[in-house]
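Let me begin by presenting the structure, written as structure tokens, before commenting on it.
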Amino acid sequence: MVEFFQQVVGGIETGSMYALAAMGLVLIFQTAKIINFSQGTLGMFMAYVCTGLILDLGLPMWIAVPVSMILAMVLGALIDRFLMNGKRNITNLNREMITLAIIMIFQGLAPMLFGANETPFSKFINTSALDVGGVKILPNSILIIGITCVIMAVLFFVLEKTTLGVAVRATASNPQVARLQGIPVKKVTIGAWAVATALGCLAAVMVAPLKNVTVSMMESIHLNSFIASVLGGFSTFYGPVVASFIIGIANNLLGYYVSTKWSLPLLYALILLFIVLRPNGLFGKKIVKKV
Amino acid sequence: MSQVLSVDHLSISFGGLRAVDDLSFHIDRHEIYGLIGPNGAGKTTVFNCITQFYKPDTGEIRFTDQAGKEHLLNGMPAHKIIHLGLVRTFQNTEIIRELPIIDNVLLGAHTQFHAGTMANMFAMPWARKQERELRKKAMDVLAYVGLDKIANEYAGAQPYGVLKLIELGRTLMCDPSLIILDEPAGGLNDSETERLTELIRGIARDRHCAILLVEHDMKLVMSLCDRICAISFGKKLAEGTAAEIQQNPLVQDAYLGKEDEA
Amino acid sequence: MRLIRNKYFQYLLVGVVFLLPVIIRGVPTATVTLAASMVYTAIAALGINVLLGYSGQISLGHAAFMGLSAYLSAYLTKQMDLPFLLSVLIAVLVPMLIGLILGAIAVRLEGFYLAIATLGFGEILRQLFIEMDWFTGGFSGASATYPKVFGHTMSKNEMYIFMVCLLVVLMMLVYNFVHSSSGRAMIAMKSSKTAAMAMGVNVFKYKLTSFAISSVFAGLAGVCYVHFFRHVDPSVWTAALSLNLIAIVVIGGLGTVGGAVVGAVVMHGLPELMKGLPVVGEIPGVPLLIVGILMIVMLIFYPRGLIYIPRDIKNFFQKRASRAKKGEA
């Protein structure tokens, strides 16, 4: 029983990181209607930047991380403003191709600017694990889960209860109509990109202690955030987030009770099966096309 | 049986909205039949139900082919309908913009091509022969609708009126017994509409097929249709000849406008 | 001039150009290796072009098909000692069958969902490659030899010639396919599923067909890979490769036969070119960076694909000529 909860807690922690990345994906997808394939790579790059701030500039972690997130927002905004909307009528497919190219650029830039060596990254809190009824939880993990919950709460509050949120949801629902209503759709997408990139940065910084800062550090989070978006369905903001936690927990449980080698492929296979039966994901809604 | 299509007690709802309500009508062979009604009355929905793009909640749709065999259309996959000789056009002119006009028309003959993937890949002589023959037929159709001069132009570059004609030509390729036209004159000016009216009349006469059309242009409807069905809010208001429909008070009320009170 | 317009002739020319490294004496073997990379990538990209360019479906898992057939062919020829042609047949048929299954799943999914489902599928297969080391040799990979056909073992150059001929033949087959009723049905399906269905196109069947074709091509590419490079390991068959294939097709020209080849040449050739440059070539990451930048420039300013460049140049000069004529009149 103790082991069960141990795995669940671990799953919530990894699920948090997936959720942050997935939230970034769905924000951009809903507002700009494209898949940002570079989400993980940008996070990786910002983790390098953060490392640089800590090691070269000597900034403490609790300053370096927020600063990196702000820099990430600037980067995301610039990408949307100049690359995504540089020319008027780029097709969405081509925009997605551009995000692929962005992967190449930043995977090239990272070793160029920061060197090709793996750099360790310390956790937010380094104290040892607490014992809660036999389940060992690191304070760092609690912090990660806590930060994620707070951020999710803030984002959903903004989306549901503020005018800004209405603007975002209107853009997500129908950009042309939103524009007619006076909503600055361009600014909304820039904002979405900014927030999404910051979320990617945060996820990268959270996973950095586990994987070290290297070019491939975000691969697993990146992949799983995509799978979570499919499972949760892209038509809601909360879908992928919920699915992220499901994936995190399920992966851990499958790993413990079945096999660690096969947990992920097995999970993917199950999700694939699920998608065949419910093509719109857990929370997706089917839209009937009008002919 | 001289009927080509019979619709019995057709109903379909979307969410809580009853789009089509217990609608029944039939179309005879070689008849030009019109469906009129105000915007949102459910006319295109009726078409979509007949052609199985939507699955009706209740009602039966029966179609009798060239050979006289009767088919129940309900539950048939949408792509099998054309095999029976029932073909349609779309309100939004579903044209393949990336292809030349003649290829668009050739698409209408898709069901007549025998060649499968392998035969096509290896350019089997018999496959190429059939392609040549059907291409010639497509040119004849294009000549009939007056587009043969621009057969190789890309469809995407054409004006709206031409797109409508391409769609019309496309329907002729399968030698249909019933053509469903969804607002064929939509967006056309007066002279284009006149040409279209003559074209439709010619098609019904020369190709011995029935035509079911939805149109807002009353002049076209009244001059072309043998019988007309007027619907409103998914329900049938009246059915009859052009003259009868024009005089029907219910129809006038809902659609044509009341007579001015003196 | 007529002859040059004929597409078959053009594809033969492409083949000849690719054969130059083996015809001309004194060309370093590294060039042949580079060219071989371009050829097998082009073959896979041709398949992706059918899938994405003509039927509008995204797959991010096709690298897995390439890997599967590579491992299969290596295993069948080496461990089971089957004749080359037979093992190629099997090595291509298996991905095709799996591709059909994936296609059946794909019918229910569109756009993004399809992309990610195929991505997950590719990852599952890649994990299988690592785990099933009795078959694949795990992380250290599997090896194969130059193929032995009719008692004659091919040399490296002969294998390369075989690959080039295969590419040319496949280009012709794709061209035939696209300009037939099947190709029309697929293009129609991509552009307007509604119109296609109303005209009798069985969308399900054609989606399956395009998955089958693209997985066969990916399988052929994998076979070429393993019998030319003679070694294969799981690190090659990643989602990044699948993404690369899509990038190749888009950069080269989506929906064109030559686009796949042009894209493959550029995507392999450019980084190599970069590495060869003095100073710049030494710094790690620069080739990737430059390719990425070029890709963005292309996508923003020349999105239809590199293959349209000759036509646009021709149009440009024709317009100038006709304007000059009008000026004189």
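In order of appearance the chains are A, B and C, and numbering begins at 1 in each one.
FYI, a residue touches a chain if its C-beta (ideal position, glycine included) is under 8 Å from a C-beta of that chain, and two chains touch if they have at least 3 such contacts.
Just so you know, these numbers come straight off a predicted model, no measurement behind them.
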Distance-to-centre winner among chains (Cα means, whole assembly as reference): C
Maximum centroid distance from subunit A, chain identifier (CA atoms): B
Subunit B-subunit C separation of Cα centroids, rounded to whole Å: 42
Whole-Å gap separating subunit A and subunit B, where each centre is the average of the chain's CA atoms: 49
Centroid spacing, where centroids are CA-atom means, of subunit A and subunit C in whole angstrom: 31
Overlap residues in subunit A, where contacts from two or more other chains coincide: 291
Set of subunit C residues in contact with two or more other chains: 194
Where subunit B touches two or more other chains, by residue: 53, 90, 94
Residues of subunit C that touch subunit B when the two form their complex: 173-174, 176-177, 180-185, 187-188, 191-192, 194-203, 209, 213, 255
Touching residues (chain side subunit C, partner subunit A) in the complex: 105, 108-110, 112-113, 115-117, 119-121, 123-124, 127-128, 131, 194, 239, 243, 246-247, 250-251, 254, 283-293, 295-296, 299-301, 303
Subunit C-facing residues of subunit A, complex: 29, 35, 37, 83, 86-87, 90-91, 93-94, 97-98, 100-112, 116, 223, 226-227, 229-230, 234, 261-262, 264-265, 268-269, 271-272, 275-276, 279-281, 289, 291
Subunit C-facing residues of subunit B, complex: 51, 53, 77-83, 87-88, 90, 94-99, 103, 106-111, 113, 115-117, 120-123, 127, 131, 170, 174
